[in-house]
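Chain nomenclature is as follows: A, B, C and D, assigned in order of appearance, with residue numbering initiated at 1 for each chain independently.
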């Protein structure tokens, strides 16, 4: 299978695999540092535009929404829930990618994860920030949202833990805190690295964040233990978050929502959009940041794309599972709802969802060459994300049109949610851009650790890559 | 006896308070005068949380339903029906409920105003002394024959005062008119009664005692004559006697709200109601056996059914039920009367009742009247307008009616008004007519007023409903009666009443000695107190089924204009003639279409399909007299050759909630009248033109859920 | 040994109380003429805001009671279904209640109705979403604020002081005129007696010219509502969802 | 009292560092007096060092228990302080409690794991410390505390074993 140009298998392996293409640590450090420092004017133009969009969406528009009322959005009876919740689910979905890659792949020792765990984890944290924004945008009286927190008060009135929204609050809080901690723990050695090679304000910044890390045996041991605990414990947290998000819908007495499969269906959907987003981010990072072509290689895209294909299949499986049970049940409201999905005025969205989430990934990702092509994967990732956003849009505002009171059915027409949603997208990208100049996007020590563990071994005539278990 | 008591003490005595069941005993309050006191001196009943209740009369239409107004700290909070009033027995309609939004409406005329016929409400406020002087100058300046009064439908104390005043001056008697009286065809009803029973009275259809009711276009559950009373009757009909549910059939070309609750709604060709009534009479008479009444003898049932576009079988089924019934009843009303053959149609239905019904009566006369005094018919109004146009009238006083809106444009009221030197409006609201006036001297709102009003139908009692202020005037208004009395005094007309209250007492005086009334009092002050406490005075009336001359009844064909579609204008069941200024009425869904805040055009879906129009397409409706533009509502229950438009919107003034909203179908009416002088507005035919515009109607209903729009299940 | 309170942990599925009703309503659809008197009476009693043409047409009207109707058949054999006044059914097991994270809509144990606690509402609108009857209305704007709706400056004089005026961002719904319930109970208590059947009623029932709406105690077999319910042809909407509605619809006739 | 000295030996690879540690032990330097500073997680076994004691798992367990208790409180105790009936459900149904308890247990566990790293490693710590920045370039530094008398002997031995540099360690601000 190997390329004919390379007669030397080692050279071939080196080119293909980051893990077999080791560089001195110091050189890698310098590359990562340089990638943070190299910023063109284009970066600042884009950042400025995003800042303006974020300010309009999250500042101006949100102010108006708070001061004037939810009526600025497209919500009404029966569509009490609109794009804000679509975006909440969407961003929580995006946030699942980081945890999936850094926790699940770590637990299963998938080595190709190493260079981009941090890039994915940053998405988790920043995605959750947007999810938080979106859910607070949705609230009619957001200035009283602290009432949802369990805190002792003189009336001894605690939140209602019967409500899936209360669970959501607990779950999202837990997830936001733990994913941020999980982002930070492996960052400490890299912060120390950056501290050692910085001056000025950056030095102070990294020094504070490095917490005084030196790399002593004790520090490494505590860190490694903690990361192991996190890697295992954050997986159920991640699953619980999106399951509980799905319960916001599944617990309701509404046709189409009351489904036991919603939990795993939502989790897999979250991974679907999350992986799509990771691949997009990696393609951009690889294409725009200095030295990133060394760290992020087609093999990584190929690995993620394989996951994407599997997840797409799983999503299709869950979708059909949900669909056929609803369809077979024959409840007249559910039937109407399915008909509304497919043949209603927003039917195009339903078909687009299936094409973007199933047809396109399946028809492209089966091919190894295609799935190793970053720009193609970027497009696939983008379409998957559009498709998954459509899926949530169909589940929320389109589905709530149909209830058991046909006299009230109405079609949702979005209002201020649109600029505000765009604001969250812009703010997400802006946060990511700023982070890419402040945080070493590549966990250098993890890459080095991996490179130490990988070697080439000859079995008979064939040279293969082997990994030694160092931990 | 001359000791003054405060107005509030007086009201307190008069109020139907929760604990005032132990009423005044005998002697009554010591004085008839009421003084106003500042609210700094708080009487105990204005304490927090304590409500005071006042019985008064609803003035949203002319039915004279009794109200009990709940007030708290000087504000009117809620109105409920007055359980004592025989017309409504404690019930109200949607319009009555929102009367408070008229009282506290932001757009009321807040002070006497020198309007000067300005386009908008002019800001030049006057004081009331000058206002009275202005009226008095007019009374002095013009000859009696040059002065005219135009008033609302309701026969109230102010009408009596104006009658007395014009009588004293030698001027022509005040004219009463309202759009509702035109749509109700009161002249036609009275004329037919005159011709059949020798009495020009309004009919009283006693639904409560009937068990099978057939209605020919009567919208008696909506706005017609006395809707609350008829709804009460309908309820009794449905509850039935001996647990047998009463049946109700409706013949009409467009399903009205009334028709929508019928057991069978049968679409017929407009103008054939009389013919169908006669055919039904023939079938019933045949079914019952015995002699064939002369009225039905000559009608050909098959031909009638065909002409009316009614399935013969349906006619037979209804006739069978009607014949079987113990107490059948036929009602006529609505557009059926507004044809050239309206009087004959009415007579045909009356004949049906005369032959078979024991639930049909002529309304008892109101207290103090010896004949039904109906409001002016459209024809009489047309003559009145011609008089205005001729310049014979130099000063016109307008109260309680908005002819610039309520009279069809074709009668030319606005143009005629230009030939009147001085127009004085007593409108509480800056309606179209008020803006066309030289002066607006706003009267109190009904809930701020003293007064009384005669009820003409809806009860088996002779009812004089009483009004009293529930609250002090909210803005700087003055009772029109006081203005007229003061001006008359200044102008030197000999008039025995010092003020409005004295006038009312003077008029009530005649009922003090009458026995058998709803209460008895030894003298007028006590009588007045009871009158206000109970919200009026009434006397049981023995309803007697009228005897008809067994003459032949014709059913001539109705005359129509040239045109493509029959037009059925109907009074909006929620807005009525004057509800458009109340935001909550605007937001109350029309019962049949659920449209809010606007005017729509009802078109049969098939017709619309042929015309190539859809829901919410704006179409132009063109008649010989005019044209209007409104959005289409695909209405499933309307004949394909009929379009219908509600009346009630289309104001150019009348406050922020009414102005510039919807259209007025009366603009389409020509000036053709039936034999009784009522406008034959149902004879209008129109054509429908596409405009290419689209304006979405606000509906409470879902087009998706109700009509399957977007679900591929459309009409 | 401590015993576990089965009510507490919900092992019984539901509190026993929930199965019993107290206040209830019977709506005779055969009597209803669709006249909307109940709609306006309710609005006037409960300070319900009006929202204007555009919002009303977009499903944002604040009606606590609405009158539904559908069509059957096609012209000329078209029929309108019975008018169906739809209001909060005051479910014994209300789906709207458990989903509110702030306890803003709860079951009143003393009155056995579903109450909305306006000042506790944070506006998640979950209750509205989960109401199978879709009878909750949300204050999308400050409709009753005179700074925004200028007309309120004078119209506010009519506001019922017994009923809270709601601001933007909160949910509201039919309360069975709980202010009237409390007034009647207070009065009866001060007079040392029970509230008599028919002594007071809700604004909609009081206005209804056809007497189609009857309100009273469902736990008193002597009351008019109980007797009407006992007639047997009453239905409770969506009772298959186990919501235990307190409004019974009579669909007699035809 | 003997004067203690700190030496910092820098190695470029694992092997010499491991050899040096073994040699040091022969020279009488106790394991407790040695510390390895590295830029990658070099396990104790690779250098032949005794296992590091870490409290993180215990702290995690402790946090989980605290979270569990907090969850129990929220799920079962908080509803009784103000009993509100919703939807005919019990005041504190078990299925609901499972969700609440799970989330709080996980939150307690993960928070305390995170804090455990801080506690065990004395983070944050901005005092001067013995350090060479080359460590983050992949070098392995061995920090030795020994009596002043042994200093020369140890330095020579380490150099012989391939230490890139051996110097007197001076605490500095990182």
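Keep this in mind: a residue touches a chain if its C-beta (ideal position, glycine included) is under 8 Å from a C-beta of that chain, and two chains touch if they have at least 3 such contacts.
The structure displayed is predicted, hence computed values, not measured ones.
A.B. asks: Give the chain pair, either A-C or B-C, that is connected by more C-beta contacts.
C.D. replies: B-C
A.B. asks: Which chain, with its centre taken as the mean C-alpha position, is closest to the global C-alpha centre?
C.D. replies: C
A.B. asks: Just give me the whole-number Å value for how far the CA centre of chain B lies from that of chain C.
C.D. replies: Each chain's C-alpha centroid was found; their separation is 32 Å.
A.B. asks: From the mean C-alpha coordinate of chain A to that of chain C, what's the distance rounded to whole Å?
C.D. replies: The answer is 43 Å.
A.B. asks: Measuring centre to centre with CA averages, how many angstrom lie between chain A and chain B?
C.D. replies: 67
A.B. asks: Could you state the distance in Å from the CA-based centre of chain C to that of chain D?
C.D. replies: 62
A.B. asks: If you look at chain A, which of its residues touch at least two other chains?
C.D. replies: Within chain A, residues 157, 160, 162, 166, 405-408, 410 contact more than one other chain.
A.B. asks: Would you please write down the residue numbers of chain D that are in contact with two or more other chains?
C.D. replies: Within chain D, residues 84, 86-87, 89, 92-93, 96-97 contact more than one other chain.
A.B. asks: Counting only residues that touch at least two other chains, what does the list for chain C look like?
C.D. replies: Counting only residues that touch two or more other chains, chain C contributes 58, 66, 68-70, 95, 97-100, 103.
A.B. asks: Touching pairs of chains, which are they?
C.D. replies: A-B, A-C, A-D, B-C, C-D
A.B. asks: Within their complex, state which residues of chain C touch chain A.
C.D. replies: On the chain C side, the touching residues are 55, 58-60, 66, 68-70, 86, 95, 97-103, 120-126, 128-130, 132-134, 136-142, 148, 168-171, 238, 241.
A.B. asks: Please give the residue numbers of chain B that touch chain C in the complex, ascending.
C.D. replies: 49, 72-73, 75-81, 88, 90-98, 100-101, 103-106, 221-222, 227-228, 231-232, 234-235, 238-239, 245, 255, 257-258, 260-261, 263, 265-267, 311, 474, 573-574, 583-589, 591-592, 594, 596-598, 604-606, 636-640, 656-657, 661, 696-701, 706-707, 715
A.B. asks: In their shared complex, at which residues does chain A touch chain D?
C.D. replies: On the chain A side, the touching residues are 24-26, 29, 150, 155-158, 160-162, 166-167, 170-171, 173-174, 177-178, 181-182, 184-185, 188-189, 192-193, 195-197, 207-208, 210-226, 229-230, 233-234, 236-237, 240, 244, 445, 448-449, 452, 470-471.
A.B. asks: Quick check on the complex: what are the chain A residues that touch chain B?
C.D. replies: 336, 339-340, 343-345, 401, 405-411
A.B. asks: If we count contacts the way the header does, which residues on chain B are in touch with chain A in the complex?
C.D. replies: 700-702, 704-706, 710-712
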